[in-house]
Amino acid sequence: MLVLPIDQGLEHGPVDFFPNPESQDPSYQFRLARDGRFSAIALHIGLAERYFHEYAGEVPLILKLNGKTSIPSDAQSFSPLTGSVEDAVRLGAEAVGYTVYVGSPAQDRDFEQIRQVRSDAERFGMPVIVWAYPRGEAVAKKGGKESLYAIDYAARVALELGADIVKLNYPVASEKDKESPPPYNTLSLTPDAAFRKVVLSAGRALVLVSGGEKVGDAELLTKVRSSMDAGATGIIFGRNLWQRRYEEALALTRELHAIFREYAEPAA
Amino acid sequence: MLVLPIDQGLEHGPVDFFPNPESQDPSYQFRLARDGRFSAIALHIGLAERYFHEYAGEVPLILKLNGKTSIPSDAQSFSPLTGSVEDAVRLGAEAVGYTVYVGSPAQDRDFEQIRQVRSDAERFGMPVIVWAYPRGEAVAKKGGKESLYAIDYAARVALELGADIVKLNYPVASEKDKESPPPYNTLSLTPDAAFRKVVLSAGRALVLVSGGEKVGDAELLTKVRSSMDAGATGIIFGRNLWQRRYEEALALTRELHAIFREYAEPAA
Amino acid sequence: MLVLPIDQGLEHGPVDFFPNPESQDPSYQFRLARDGRFSAIALHIGLAERYFHEYAGEVPLILKLNGKTSIPSDAQSFSPLTGSVEDAVRLGAEAVGYTVYVGSPAQDRDFEQIRQVRSDAERFGMPVIVWAYPRGEAVAKKGGKESLYAIDYAARVALELGADIVKLNYPVASEKDKESPPPYNTLSLTPDAAFRKVVLSAGRALVLVSGGEKVGDAELLTKVRSSMDAGATGIIFGRNLWQRRYEEALALTRELHAIFREYAEPAA
Amino acid sequence: MLVLPIDQGLEHGPVDFFPNPESQDPSYQFRLARDGRFSAIALHIGLAERYFHEYAGEVPLILKLNGKTSIPSDAQSFSPLTGSVEDAVRLGAEAVGYTVYVGSPAQDRDFEQIRQVRSDAERFGMPVIVWAYPRGEAVAKKGGKESLYAIDYAARVALELGADIVKLNYPVASEKDKESPPPYNTLSLTPDAAFRKVVLSAGRALVLVSGGEKVGDAELLTKVRSSMDAGATGIIFGRNLWQRRYEEALALTRELHAIFREYAEPAA
Amino acid sequence: MLVLPIDQGLEHGPVDFFPNPESQDPSYQFRLARDGRFSAIALHIGLAERYFHEYAGEVPLILKLNGKTSIPSDAQSFSPLTGSVEDAVRLGAEAVGYTVYVGSPAQDRDFEQIRQVRSDAERFGMPVIVWAYPRGEAVAKKGGKESLYAIDYAARVALELGADIVKLNYPVASEKDKESPPPYNTLSLTPDAAFRKVVLSAGRALVLVSGGEKVGDAELLTKVRSSMDAGATGIIFGRNLWQRRYEEALALTRELHAIFREYAEPAA
């Protein structure tokens, strides 16, 4: 499963398009998703309504249902709805996406909101993909949003709240882990072991690995292999693909497909 | 009545699974509930939707309807809904569970929410089990969440709000009791007498005793007997069972059933 | 009109039952209401659902619709709903009770909530009895919740919001009255005159006098007489009755009925 | 147009009735409205439900839909609903009244609320009279609630939000005007010119002049004439009338009618 | 496309009418829109309901759906609804207008509100014009509301949220740009280049250029030409037109039409 997200224009602003100015036009990502045979493209209602019709039947759609800008403080992170499950149905989406900010002091509103989304999605038989992100001032005090403690907890929360699929980041070990609750504060896992732990915490929810900021080709492919080894079902890479020039991005996509074929073979 | 709760993955995070790594897979608790002939398993919507179907007909289900993570501060504790009574009906649950944080500054939202849950549950003839937990900054100032004052008040609140069954913790006497309002600040009850008081405060709501953190076998069995002596209807033990290895947990469960048989006999 | 309230278990906690441990069992108040031929018993949904059916037809029911615990701060007092007018209808109640915290900074939510209750009650032809209580940090700065200023204002607010009947406390003159707005800060009324003023402010809403904390028999009967002289329609006494032993409470109730008969005679 | 408001019992408390104790009984204002041939009486749901039926057909009713007490701080002023347009229809009201606190930090809730009221009122063909009052901490910093800046802005806001009729106070020039934004901080208008400016800002919304606190007869009649000269459609005087003794109030009312006849003649 | 907005009476107060006192009467703007053959006039419900009927068929209507006064602090900017899509349909509007305060800490409520508006508008086939304004304390810390960073982000947010048309301000370079995130803090674009960047960020949403405060004729016409060169679809000028005397405003409007004709020719 290979998903191309283009919600960064809302989440980060046009700043993400500077490395590859062509990417500023959403058609760029749509073409890449089509030509690279992605499993789906994931984006908000505005892009879906203005651009998707040209690619309908060629690119499956994941409608991202909530989001926010990065301008105000993240201390009480919460992502309001930008679209609805009904919008997703109307547009012919295959699934909906929802960001939960695990550990945010606004978790009460977040849980309420995802509950409604999940309930609507079940009514329409629409899978829910949860962006499970630790965030907020309390997370920052317990090891931070990249800590194993926080991401491991986020994986379980997504499972508990009813995610069909959960998008997770790789934990990044750091000095801040010492502020995590025991036994996380004394664990010393390799990145691969840490991610395996996280995949287990997600239980029967399928796991997609987040790409995060752009890295080099080799590092990226290594991450993909170790994610698949850990039990991930696929990847959801945005900037790592569309911040590259078109042909370069397509070539990298072909390499990703090659890796996926390896992991698909044993199942045959 | 013997209930196995597995909502700790949401409430505490995967941290609770370290003592027994097998317990990280929700199948562990489902198997234990089935093989140990528990009255029910209690959990949130996500686990119910992904795992319950394999045990339907073998393990009765209590759908826990609200919950939260332990990451943000507990000063203004509030547990938002993760599922609905309609979800419980659809999944074939026998009852719903709801946590009230008695004494929290957010009690207004909590009361509103449980009122709606109770009203929905009455419409469907679904019993409501209330996790009656004192919590929040005001409770901390009046003896704390384990004080007799707070737990006794919580028992009555559950009764007043319409609980069919109420889950209560054993009060723990401490120096902090001096900060409780009179006459609680000068009472000196044995643990058993304190729990009897609490059971009386719950009135006609049936009482389930909470297990809390894992303790030794002997201590656990003593607690069960004294709870039953005090008038409890059953126990709801999670970590004390599934943090044990499988055979050990099953053996302990058999001992619990033996105790229950003793208390059931006089009624025959 | 003689009403027996038993909402103190929610409002104050089991602490109110210590003077008379039998009173901890809600059956005590139900029996007292029946044997003492009270006009009604007033309580929350939980007690109504578990105990009322045994006394239906013998004790008229007032379903108290909102309440709160006394654990958090009263600075921004607000009483959320614990039941609905629909609950009251279903249970066969004669009236509903609602607490307005007059002067609380949360008055906006309170007014909205009572508006909905009043509207529902009108639809079902159900009288609304308003517990009109001055409360909150702003009241404390203007003479306090027992001041004539505050209670007189509360009586009028109940009338303006559509109360059929209003439950009021006797004003208690104190040094703090100097902080009330003029001319209250310089008034010097006897308790009886103060209460007459308050009854006038309630206009055509009938007035029930609140009992408050338990006092001696003589003081209580004097208060009843002067309340009736002031124009009250009846009394609503809880702790002053059920904190007494059963026979003592019944005897006192008979004295209350005797007084009521005196006041009823002129109307015949 | 001559309207008698009696919402001060809610807005200010019974304190306003001390100058004329008879006025404490709402019947006083109803009789005055009838005998003085007022265009309407304006009040909240409670008074409407208890007293209006005796005067139906004799005194037209304006149901005031929102209000609050003066006890808490005015920094974030907001007036919650006490009744609905449906209540007004049911009671046979001719119009509804709504207070907007222009400039309050709570303007978001206020605008939402009046939008709903306006929408309901349009559905029933019920005119909306807006009490347009500058209020709150931000107004206080820009010249205060009596400044021309604030009242002029309030008049326009009422027009923009869809008022049919707007109730406005006379601006009062003061030293604080220097804190108003330019050019208001340097304007130096006569009271009459200032009010003419305000009437222009209300556009096609009809203007009723507020009476405010009680003043002497001569001052009052002068204010009425200059209001009519400025383009006002009528006056809405409460305390200035019902704080007077009955015959005195009626006599003054006759003088008001006489003035109105003068202004009505040119139209004939 | 040439739109005349007259929502400043709500947003800024009557202060904007001092330069041209005739403009205080909304008829002034309606006449100007008709005689100047504007594409539409944009205003709130109150003006639409009182004045539009006289110009129906002559002046197309854009109903502005949300707004606020400028009196309270802008730190947490949010514009509540003053009207609804249903109002727009009823009044025969061609489109609705909605202000999003991009970057405000209240973005959660804003996104929710525009989502509902967009959804209603789609149901009625009504285009949504988004006033995309950076605003609030967090924007102020990152270069301010006139910075390229903020306006560029706002353009993209409007596209992402589903705007059909977006109203944007020209970025104004200043020392504060150094506080913007990289690479904005080191960019050095001409005003024209900056606006071209912003138009690109708006993607397939059409762009209307905001007029802002009144400037001289020459400066204004230059701005219009460079906006059209940058890809804008039209302009939305209020104060720059109606703060001029009538004939002067009409003359300037004729010049604007002349420029538009130049840009329309290539398309023929």
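Going by the order they are written in, the chains are A, B, C, D and E; count residues from 1 in each one.
Operating definition for what follows: contacts are C-beta pairs under 8 Å (C-beta built on N, C-alpha and C of every residue); 3 or more make two chains touch, one makes a residue touch a chain.
Predicted model only: the values in this text are computed from it and were never measured.
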Chains in simultaneous contact with chain B and chain D: C
With one step meaning two chains touch, work out the least steps from chain A to chain E. 1
Looking only at residue numbers at the chain C/chain D interface, is the share used by both copies over half or under half? Answer same or different. different
From the C-alpha centre of chain D to that of chain E, how far is it in Å? 35
Rounded to a whole Å, what is the gap between the Cα centroids of chain C and chain E? 56
For chain E, which residues are shared contacts with two or more other chains? 109
Once you've mapped the touching chain pairs, tell me: line, ring, star, complete or other? ring
Output the ring sequence of chains, start chain D, direction chain E. D, E, A, B, C
The answer for chain E against chain A in the complex is residues 102-105, 107-112, 115, 118-119, 134, 136-139, 142, 149-150, 152-153, 155-163, 181-184, 197, 200-201, 203-205
Can you list the residues on chain A that touch chain E in the complex? 7, 9-10, 13-15, 18, 24-26, 44-47, 49-51, 67-69, 71-73, 78-84, 86-87, 109
